[in-house]
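Order of writing sets the chain letters: A, B, C and D. Residues in each chain are counted from 1.
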Amino acid sequence: MSETHKEVGTNVSQDSGCTSLSLGRKHEASIHDLTPCVDAPIPPPLLWPRLRVYGRDAFSEFFGTMILILFGDGVVAQVLLSHGQKGDYQSISWGWGLGVMLGVYASGASGAHINPAVTFANCVFRGFPWRKFPIYALSQLLGAMCGAAIVYGNYKSAIDTFEGGAHIRTVPGYSATATAGIFCTYPADFMTKTGQFFSEFLASAILMFMIFALKDDGNLGAGPLTPLALFFVIFGIGACFGWETGYAINLARDFGPRLVSYMLGYGHEVWAAGNYYFWVPMVAPFLGCTFGGWVYDLFLYTGLDSPINTPWMGIKRLFGPFCRKKLALQNLV
Amino acid sequence: MSETHKEVGTNVSQDSGCTSLSLGRKHEASIHDLTPCVDAPIPPPLLWPRLRVYGRDAFSEFFGTMILILFGDGVVAQVLLSHGQKGDYQSISWGWGLGVMLGVYASGASGAHINPAVTFANCVFRGFPWRKFPIYALSQLLGAMCGAAIVYGNYKSAIDTFEGGAHIRTVPGYSATATAGIFCTYPADFMTKTGQFFSEFLASAILMFMIFALKDDGNLGAGPLTPLALFFVIFGIGACFGWETGYAINLARDFGPRLVSYMLGYGHEVWAAGNYYFWVPMVAPFLGCTFGGWVYDLFLYTGLDSPINTPWMGIKRLFGPFCRKKLALQNLV
Amino acid sequence: MSETHKEVGTNVSQDSGCTSLSLGRKHEASIHDLTPCVDAPIPPPLLWPRLRVYGRDAFSEFFGTMILILFGDGVVAQVLLSHGQKGDYQSISWGWGLGVMLGVYASGASGAHINPAVTFANCVFRGFPWRKFPIYALSQLLGAMCGAAIVYGNYKSAIDTFEGGAHIRTVPGYSATATAGIFCTYPADFMTKTGQFFSEFLASAILMFMIFALKDDGNLGAGPLTPLALFFVIFGIGACFGWETGYAINLARDFGPRLVSYMLGYGHEVWAAGNYYFWVPMVAPFLGCTFGGWVYDLFLYTGLDSPINTPWMGIKRLFGPFCRKKLALQNLV
Amino acid sequence: MSETHKEVGTNVSQDSGCTSLSLGRKHEASIHDLTPCVDAPIPPPLLWPRLRVYGRDAFSEFFGTMILILFGDGVVAQVLLSHGQKGDYQSISWGWGLGVMLGVYASGASGAHINPAVTFANCVFRGFPWRKFPIYALSQLLGAMCGAAIVYGNYKSAIDTFEGGAHIRTVPGYSATATAGIFCTYPADFMTKTGQFFSEFLASAILMFMIFALKDDGNLGAGPLTPLALFFVIFGIGACFGWETGYAINLARDFGPRLVSYMLGYGHEVWAAGNYYFWVPMVAPFLGCTFGGWVYDLFLYTGLDSPINTPWMGIKRLFGPFCRKKLALQNLV
């Protein structure tokens, strides 16, 4: 049993699609290997570690996104509710930046997407299995909701004081002491719908372009510095493109906490604000990340796991089975 | 002799419980190894290096925690006493963050806990020997007290000027020119006791969850970047959850300097402030760190040194001897 | 085909001058190597990946410089247009610093120059082929122009609001609500022409001196930390020498966006401002980078790829063919 | 010739005391090694590279300290002269921190001391040859003076504007528009002489304690992250202990620029200010660094190159020849 789990532990960053199958086989082997040098019978596989293997991806994305939201929503709460005495806009860039960095460290086992749009772009351009997309997106959403709820619990007294009462909960644009901005993003007043969409699209495209660059060993590649480099990417997007729409660039990060704030009584305005802005950070990140990944692959990526580098730029692949085995045989993936 | 001490030096990050025993044996060996190529008789083992081996863990934790407090209390002193001219709230996040980072670099020999609650969680979840807990906790406490005393000595003139006289020493909530906040944490006014406790509990849980994530090679793992990543963890906790209670998350860091400030004449108020808040940062970190570590191990950790991954989730282990040898034979620990 | 492109991918940081020649030969080889273990005929080399090899350097420098300008111009736009509410001068140092860092990660395939003056100094002191200089400089210029245009598109509404109308576009020194400073640099009022030139020259010299130091393995060398160290270099130049002229230190970074701002209707003042300052950040970086590189090589560099370490300090080399082959035979380059 | 210089280049971080001797011998060897595979006669050793070997340490420390002062004095100039519009106190912490980091990268060839007190402590505790101390200290001093002069040249117009005229140069405490603080440190008003001395002593001790910790492979050790970790050390000292005396902690950094400012016409007050404070940052760093290094070696260091770990704690060694050869034979140094 031990050997088996160890093996799962060390291979975490690879596609573990067939892990459950190989588990059985490897187990028998490990018993025989270990028998001569231990003085007690090997216990049978434990129930929880055995079950946990099936939920590994989900748990990993859940906690990664929860860490992201804990730090991200937490820093906005602290800066807003302390009236800027315990931080300023730069603190917010720090908080979201290190939220992503630490979320990535927490969720390495599942590939550290912590963003449905990143999962989506990985499915399209890096052969990440489509069947995993729903469970990833759901785990990310639930993790974000859980994180937002914890931040609310932690800052409840301060929100009461800020809003002026325990039952007053308001949304930016409707009140001067609004606190809904702690949880999800609300665009600046002067933005048109097109501008909102373009801003989120652009930030998402930059995000995905940089993620692909950082993970591309054919380029410089950030290697073990990737989480740190992602801190700089997110900090940079916050400092350079964060004003107009609040750089959600992530359905889970925005929709999850927005749902929680609606449940907590912030009212219909969480949807209506910014001329029903809420759908923009749900749709734009998918399009932006896909575009950013496409630009990177088209001009800079030479790896064969990208459809851009396959016949007909992968269009054929969309309509046929993806012969992963063939590539694996060539040691190319 | 030389060989012996070298050996101590290179194995510092491991459990050195049996180092003193092996010292004698290895010494004889090293004499014979070196005899042919040196032109002078090897001197006998020196008194102080030989004694120091026994105090290694204690010295290491002492200085690690002292460095933490020197930078941490130092930055609060500088920001407060200069009326914000030489730093702002973000400087304080920097100071505590790099205090932990540099404290960790200074105390690598003992595992760099510099926090009794971290030592406790390591005992519970990582098989760290319980017999070491008292000496670790005591060293950390003394190191923190020593650090606070040095900061006081360095800033005495400035405190006199700030408070209005050499014999005036006041505590936040009792005076507008209070300086006791330099040494230990005092909660914000609006906090209930439950809120105080939850805030410290949450920050401690996040701390331990992230420490386990950063040290987990089955996850991404931060490897040699761990001290730097801890800077971001502490910075993040300070920027995102640091307002309400001052994020002590460490008995040694809070109780030690609080005791020093009491000795220095800040009066009974250091205990009474915040409705006798002082016990919260003593108790909550232990519970929070244990909870955070438990969550990480339950959902994400696959290593066999965690009781979660042993039969009955380690409950059995609590009532029986921990068969470390057996695991060692399997090369699993 | 696959093997061939893989090979291109892994050798990206070397001089790929002869890549296109070896492509053909290697291709035959790879077919034979792979034939036994694949179940389908290898497709012929694809059109786009085959063409892309020729544009690799250009694409790489284009996107690297675009990323630099996206973050750099973006942060200035956000700080200026939000009247300092969403950032301050330190944010600008962050933005340019991480713009260079991330631009370097994006353009590793071509050596990550993203600055014509850096390319120039590499030609002079590191044997970088002169024939590549024009294509590098042009790609960098076009990338910077593209980045500036995107930033303009993203912040158009905010610029309209700030300037007071969709058709008002003004330059610093001619209006209190000028926004041309988003795109390129304008010197402080009190600067003489000599001071402007010296300031740009000095900052460029420090930049090149540090780049050579960071890349010199005979010195400490930053190795994989180079992009991070460059963040500190640019942040430092911004924080220490950035006030007087805005530290362009890069023809592409300054002239490209200046041209874009002229096209966008900022008027003749983009050239006339600061007593026709625009040519200083075009000329000074070349002289400064060359001087900084010369100082480094003269006093600290021991590598043989620098002309300083060849007979007559390379003066002979300027008038004769550079016998690269000879050095290569000695494994010295 | 080539081979010889390459060899010098790759061994730079070691004691190069005997390099000049081995140069001759190695040269003959390299000719014969290379003869068969080159098509031209090897040129004789070049004059300048051959001479440069003797000045390597001096050049390296000179430029390292110059880089430190360029960034350090530069950031103070920018913040002060722009009336805080282009930076604040935190920028100053950044500037000095990255000045040290980049100075260390520039001067790796000589061990990157860039501080006479660090050289001194290395002589006392790490067997660094005493005969090198004078040349190191002098190079550091000259480098600092050169850096300060360049900063003055760069900011001359701005200083004129700030002081109110080209011939007015004043010192803090004597004028409200004093600019002498750009170059060297002046203590806060409320400090007693004892407090000044203790503050510099403490900061120097922390500096040396941390340098020894970061370089100790028997502890965690920062390895290739050392320059980055030093950024945090200096940033931390600036943020936590930088207010009272300006954390000179370096004779070269303070006395060199002070001398330059005296030459530039700041008058006798550069010496008289702070009740003749100028000697404190000359003396205290040596005592503080020695004390900090002694504490680290006494309690935490196990390496045999420290006298603390030799008989009689090295007192004997002070009065007898240090048998380096013996240790070298044992591969212990």
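Here is the rule we use: contacts are C-beta pairs under 8 Å (C-beta built on N, C-alpha and C of every residue); 3 or more make two chains touch, one makes a residue touch a chain.
Keep in mind that what you see is a predicted model, and the values were worked out from it rather than measured.
Undergrad: So which chains count as neighbours of both chain B and chain D?
TA: none
Undergrad: Pick same or different for copies chain A and chain B, depending on whether their interface residues overlap by over half.
TA: Counting which numbers both chains contribute, under half are shared, so the two copies meet through different residues.
Undergrad: Taking each chain's centre as the mean of its Cα atoms, which chain lies farthest from chain B?
TA: Chain C.
Undergrad: Would you mind pulling out the distance in Å between where the CA atoms of chain B average out and where those of chain C do?
TA: Between these chains, centre-to-centre, one finds 44 Å.
Undergrad: So how far apart, in whole Å, are chain A and chain C when each is placed at the average of its C-alpha atoms?
TA: Distance between chain centres: 31 Å.
Undergrad: Scan chain D for residues touching two or more other chains and write them down.
TA: Chain D, residues with two or more chain partners: 90, 225, 228.
Undergrad: So which chains end up touching which?
TA: A-B, A-C, B-D, C-D
Undergrad: Can you list the residues on chain A that touch chain C in the complex?
TA: Interface residues on chain A, with respect to chain C: 89-90, 93, 188, 190-192, 195, 198-199, 202, 206, 209-210, 213-214, 217-223, 225, 228-229, 232-233, 235-236, 239-244, 295, 298-300, 302-304, 308-311, 313, 323, 326, 329-330, 332.
Undergrad: Going by the contact rule set out above, which residues of chain A touch chain B in the complex?
TA: Going through chain A, the ones touching chain B are 2-3, 5-6, 8-10, 12-13, 34, 37-40, 43, 46, 48-49, 52, 55, 59-60, 62-63, 67, 70-72, 74-75, 77-78, 81-82, 85-88, 90-91, 94-95, 98-99, 101-102, 104-109, 112, 150, 153-158, 161, 224-225, 227-228, 231.
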